[in-house]
């Protein structure tokens, strides 16, 4: 079994808050991350797939195909967007990196399996000091 | 003459657009950077000051003092904020990194000179592929 | 299950040696790392905790709480210190990165469990070419 | 159990192609990576070994010994070489990073076990956006 | 005056040698860099332009235009290529990073001036330890 | 004129203090950097030389020669050492990075000129957030 990881990036705005909470409650739980006028990050995303290398061409999965799937399903929807307002697969979820990792997993899983590989991990770096991993 | 550089970071939302332009004109000039619902970045900021090292303590400028000035005048105002809406010294300027570098220079210049050093360069990385430098 | 990682840094002096060995024996086993006048590193520390994201706020664990625990129990004791001489939880252990990782695990485990998360991994980079991981 | 990782680098040329395929077929499957006049990379290689830290000296494995093994068996054969033409252990394999990781594992496994540690992972970064891991 | 830097990358094979020198002389001067079967690198290229930010849109130069010029004139010709054999603007020059920086300067200078900015610096990183700068 | 930069690293202990000052005065000026039992860093050092590329071989200066000079005159003396106690060229100077940059310049200047190049800059990173440059 070989693990292949592709690194992608997207720049997005977000805000952490719950509409059913008061402003004070939001600020108490989410701190400066609840700023009403948003803030943003250069997110780094690593998608890891696993499988046996093909005897035909020696790849776990053609990297260009993986790039194309991630570009269409994830990057085109997140890059230079507002995660709370512009991203269909984040509707109804608090815009934490934890929830973002789970949502990206759900968007990618089938498309990668259709190409004969298996999705192994979604890793997201929000800042150079904070990162999230999800293994399904 | 010795050059001392301090690296700081802030995460902010912004949008590039002119109110006196139509949406099409904004999109034509600024592309996806004009997204109406904002996007954001992890900005990296390097402040370079220059001077003779003190014979007393061997520093160009006490780094803790430099940190304090930059924290109060720049980071507290930009971090987890919206550059267009929340930042007093960016009012009336298009939120490009070029304009941000000039504005940060203006905010810091006197405070650093008051401590006996000289501001040399403001460098800002917007993404890992784009950076701006301003030398006054 | 989601994995949340916080990155922290500390700068410390250390020396690898055993008091019950001769200087030659120490130099033979530990090489230049046994220099009697110490040397030092910018250590990078990653603390990974795991758990289910809260339905209430979407986090595995509040990152500010994690930062506070690590700051008080680890960074305040190691940063700008001598690992052999100044750090209570390293007393009686050879100052290898292996032993440091185990000691940090022991210092953090209960405090993190008390907040409802589970400590998963302590990773320490001593130089850009050497790193240690410990999973309990 | 402790995991110790050593980072090494090598700069090499390679080309992905199969001699039993036409030029068109090679270009269709491998794209620009099949360029007949080669291309190259600064590969980064992480070797992870695992074991119990010695009570004698506190190491999983002496890092200088690990460096020496990797230098002789891997770096001296790959650095400033052509992976397809110059490297004995890659003969008969397509020069993908997947196959390279498996081959490096096979070259190192016994030598590391002879020193009392256990090889855990070979990780190779081909570019900053693509990496491969192999766990045997 | 503002300085705007764009970072780009290309992966290429090369070899340092002179055809009018013997193999021994080439190996004596260029060492392992003269390996007859080539080797390669992930080159990182920074292009710095300078100018006054436009009052119209706040940019020194539209970054998308700069990307397009560099892509067509430099990256398309160097990426996944052999610098000695495949690159028209390196014909007749020894494939050192010094010569590459000068050649890239010559390829870009007019195209950037035609857009109203001024080329300031070409910086190339060959490995993480070696880099070259050229200011014209 | 071409600028060639070599990156090197060394791990060292140090302490900032003046013997003719009281402990309180040292702590007031140098803060935690005056810890009596030392602390340490992974210093990164960039040495930049400048010159015309040789028509003979295309280099500003043979990089292997530059490495050898820096290894013997700087790295062998600083790596895994105590800057205050073990380093001849730092005797009598406060162990700030400013003073270290000046001292390294003085150690290297003649040796580089003897090889036909010109020393341009000494840059030292003490931590990822603090760096010093000296141009003679």
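Letters are used for the chains, namely A, B, C, D, E and F, taken in the order the chains are written, and counting of residues starts over at 1 for each.
In this section, contacts are C-beta pairs under 8 Å (C-beta built on N, C-alpha and C of every residue); 3 or more make two chains touch, one makes a residue touch a chain.
Keep in mind that what you see is a predicted model, and the values were worked out from it rather than measured.
J.: Between chain A and chain D, which partner chains are common?
T.: Under the touch definition, chain A and chain D have C as mutual neighbours.
J.: Trace the shortest sequence of touching chains from chain D to chain F and report its length in steps.
T.: 2
J.: Overlay chain E and chain F by their C-alpha atoms and let me know the rotation angle in degrees, rounded to the nearest 5.
T.: Between chain E and chain F, the superposition angle is 120 degrees.
J.: Could you figure out which pair among C-D, D-E or C-F mirrors the A-D interface, over half of its contact pairs being identical by residue number?
T.: C-D
J.: Let me have the rounded angstrom distance from the C-alpha centre of chain A over to the C-alpha centre of chain B, please.
T.: 28
J.: Could you check chain D for residues that touch two or more other chains and list them?
T.: Residue numbers touching two or more other chains: 128.
J.: Which of the chains touch, listed as pairs?
T.: All chain pairs meeting the touch criterion are A-B, A-C, A-D, B-E, B-F, C-D, C-F, D-E, E-F.
J.: Inside the complex, what are the residues of chain C that reach chain A?
T.: 1-8, 53, 57-60, 62-64
J.: Given the complex with chain A, which residues does chain B contribute to the contact?
T.: Residues of chain B touching chain A: 9, 11-14, 32-33, 35, 37-42, 79-82, 85-86, 127-128.
J.: Which residues of chain D touch chain A once you look at their complex with the stated criterion?
T.: By the definition above, chain D touches chain A via 16, 18, 29-31, 93-94, 96, 98-99, 101-102, 128-135.
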